[in-house]
Amino acid sequence: MTDHPSGPPVPGRPRIHVPIHLRWGDLDAYNHVNNTSMLKLLEEARVRAFWRADEGPAAPSTAVLESGHASGLLTLIARQEIVYLQPVPYQRHPLDVQMWFGKVGGSSIEVCYEICSPAETPPQVVYARASTVVVKVDAESGAPVRFSQEERAAFEEYLDEPIHLRR
Amino acid sequence: MTDHPSGPPVPGRPRIHVPIHLRWGDLDAYNHVNNTSMLKLLEEARVRAFWRADEGPAAPSTAVLESGHASGLLTLIARQEIVYLQPVPYQRHPLDVQMWFGKVGGSSIEVCYEICSPAETPPQVVYARASTVVVKVDAESGAPVRFSQEERAAFEEYLDEPIHLRR
Amino acid sequence: MTDHPSGPPVPGRPRIHVPIHLRWGDLDAYNHVNNTSMLKLLEEARVRAFWRADEGPAAPSTAVLESGHASGLLTLIARQEIVYLQPVPYQRHPLDVQMWFGKVGGSSIEVCYEICSPAETPPQVVYARASTVVVKVDAESGAPVRFSQEERAAFEEYLDEPIHLRR
Amino acid sequence: MTDHPSGPPVPGRPRIHVPIHLRWGDLDAYNHVNNTSMLKLLEEARVRAFWRADEGPAAPSTAVLESGHASGLLTLIARQEIVYLQPVPYQRHPLDVQMWFGKVGGSSIEVCYEICSPAETPPQVVYARASTVVVKVDAESGAPVRFSQEERAAFEEYLDEPIHLRR
């Protein structure tokens, strides 16, 4: 559908790997994963990569953000771009959502992704490439809030070249 | 919210255990899993429990149904009932959806469920109880199609007392 | 799929009519409205029928409930039942969700529904019948809160025989 | 959240206006319309603007596309971009999704949007700006299919300057 190559993901780069299970309900009447469901997968990958885990499975080292009204902080989405490279069928193995950061600003961060076929079924292909600008804001006022030193340090481990989705 | 006890699940019964991950997007503006998202979890548990897997993780012994337009067969939902016992928060461990069959008819089956908190964080509680009547139909005509011997045999291993959700 | 008659709705009964537009995204890979999307339609019908409208289109006389964390009150779902009578295709006219109350308790109410084909394209058929028990609770404690006199009076206008979905 | 102005929409341009009702279920745990729900609204606006209507409310003059497996044609999404300008609260009046075309190619079309607050509650603001590249493909082979003369003529009425979402 585009002139972007669809695979495989480039090895040897700093990447957070978040396994995300599809649901059959992610399919639309065309019998492949709906274009908006792909962004639901990205949302879940962000939550798992970023938000501090109280308990549960070992979270990545980037899971340092407090978020939610209880914390007084929210993470809002300022913009998103996504290029769909090939239709995604329902499958039981989790997709391998690979994430890194194209830019870490004062209170915003550019998250880059490659949504890849499951690591369990090589050779992997890239189904979609995307980027999201996330802003940390005060839940009350909506004003941007600067990342802490701990947060920046955690993110900078995964700083890499921004994804290029421009035409 | 009801007089149904909310926990824990009864041990020692024939149960298919399907781990289903929540998504943060399953929450609604009340900050707990939406009432309709709970049925999305049941749908995914059914697909994983019933549909024949071409490849991927080992599927339960009940994964014997062909489904989808390619197969000429569909599995439709005739009715559903659900009792919500307590609000479900977002969490990283998969919920433990426990399933069994209350009745195996000629071309329909009553699926019973207890949606339980993760097996990884005991003591488990039951968040919701539900039942679904699924009918196997011809994709073209919509007419009911009888279960095969293989299908009945697979299902009957998990036959148990139907869930009682009546008031 | 069931022995419940699928149409038409019975005229001359006390009914709140809430027009709800389908979205193409409500369809699943079977190309008809997904079983859980039907409950999304019921949810939206309830919100429009019950929640006090600050502004906007004239709301029904039952739109007397405050809800949401700001009000300190929530409306939770205790149980739901639904019988699917026939597959629902995508269509541009809004479905005609007909609602009434089977029982008005101290702090809970049984909402009954018939999800009907659009009023604009007679003869109407009933696609599904359902009931939901809604409980008014304190947002902080989760404890049930009694309906006010104004609320009961508004609801009792639409009291009618409960729907019978029992097998 | 961005330096894009959030309102009001520019008058006097060629625009298809598609009213789309929010659902309370579009909100997420932050109590405003979820970032992916915004793309669901765009999807529904596209279906209503593009797909030939068999029956139902008068469709815009651009509703000339056959789509779906029955027709042998699909409309796939190749890429999407969206800039979120301000949080969208639940409201009863339909949002005013304004659409036009930035480019009409041989078998693909760039759809531009401004998601505006309801026309019924002036002054209007722009909640989000977005663009989608849609490709017409053969359902069987996935190969691009050229737009017909009728289709191009219908689209070109709404050709206007592409939206600029670049940083």
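Labels for the chains are A, B, C and D, by order of writing; each one numbers its residues from 1.
Throughout what follows, a residue touches a chain if its C-beta (ideal position, glycine included) is under 8 Å from a C-beta of that chain, and two chains touch if they have at least 3 such contacts.
The structure displayed is predicted, hence computed values, not measured ones.
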| item | value |
| --- | --- |
| Of all other chains, the one whose Cα centre sits farthest from chain B | D |
| Same-site or different-site touching of chain C by its copy chain D, using the half cut | same |
| Between A-D and A-C, the pair with more C-beta contacts | A-D |
| Interchain centroid distance [CA atoms averaged], chain A/chain D, Å | 24 |
| Inter-chain centre distance, chain C versus chain D - centres from mean C-alpha coordinates, in Å | 29 |
| Distance between the centres, which are taken as Cα means, of chain C and chain A, whole angstrom | 36 |
| For chain A, residues that touch 2 or more chains besides their own | 24-25, 29-31, 34, 36, 40, 43, 68-69, 90 |
| Residues of chain A defined as touching chain C within the complex | 24-25, 27-31, 34, 36, 90 |
| Parts of chain D lying in touch with chain A, wherever the complex brings them together | 1-2, 29-30, 34-36, 39-40, 43, 68-69, 74, 76-84, 87, 135, 142, 165-166 |
| Interface residues, chain C side, partner chain D - complex | 21, 23-25, 31, 40, 43-44, 47-48, 53, 55-57, 59, 68-69, 90-93, 118, 120-121 |
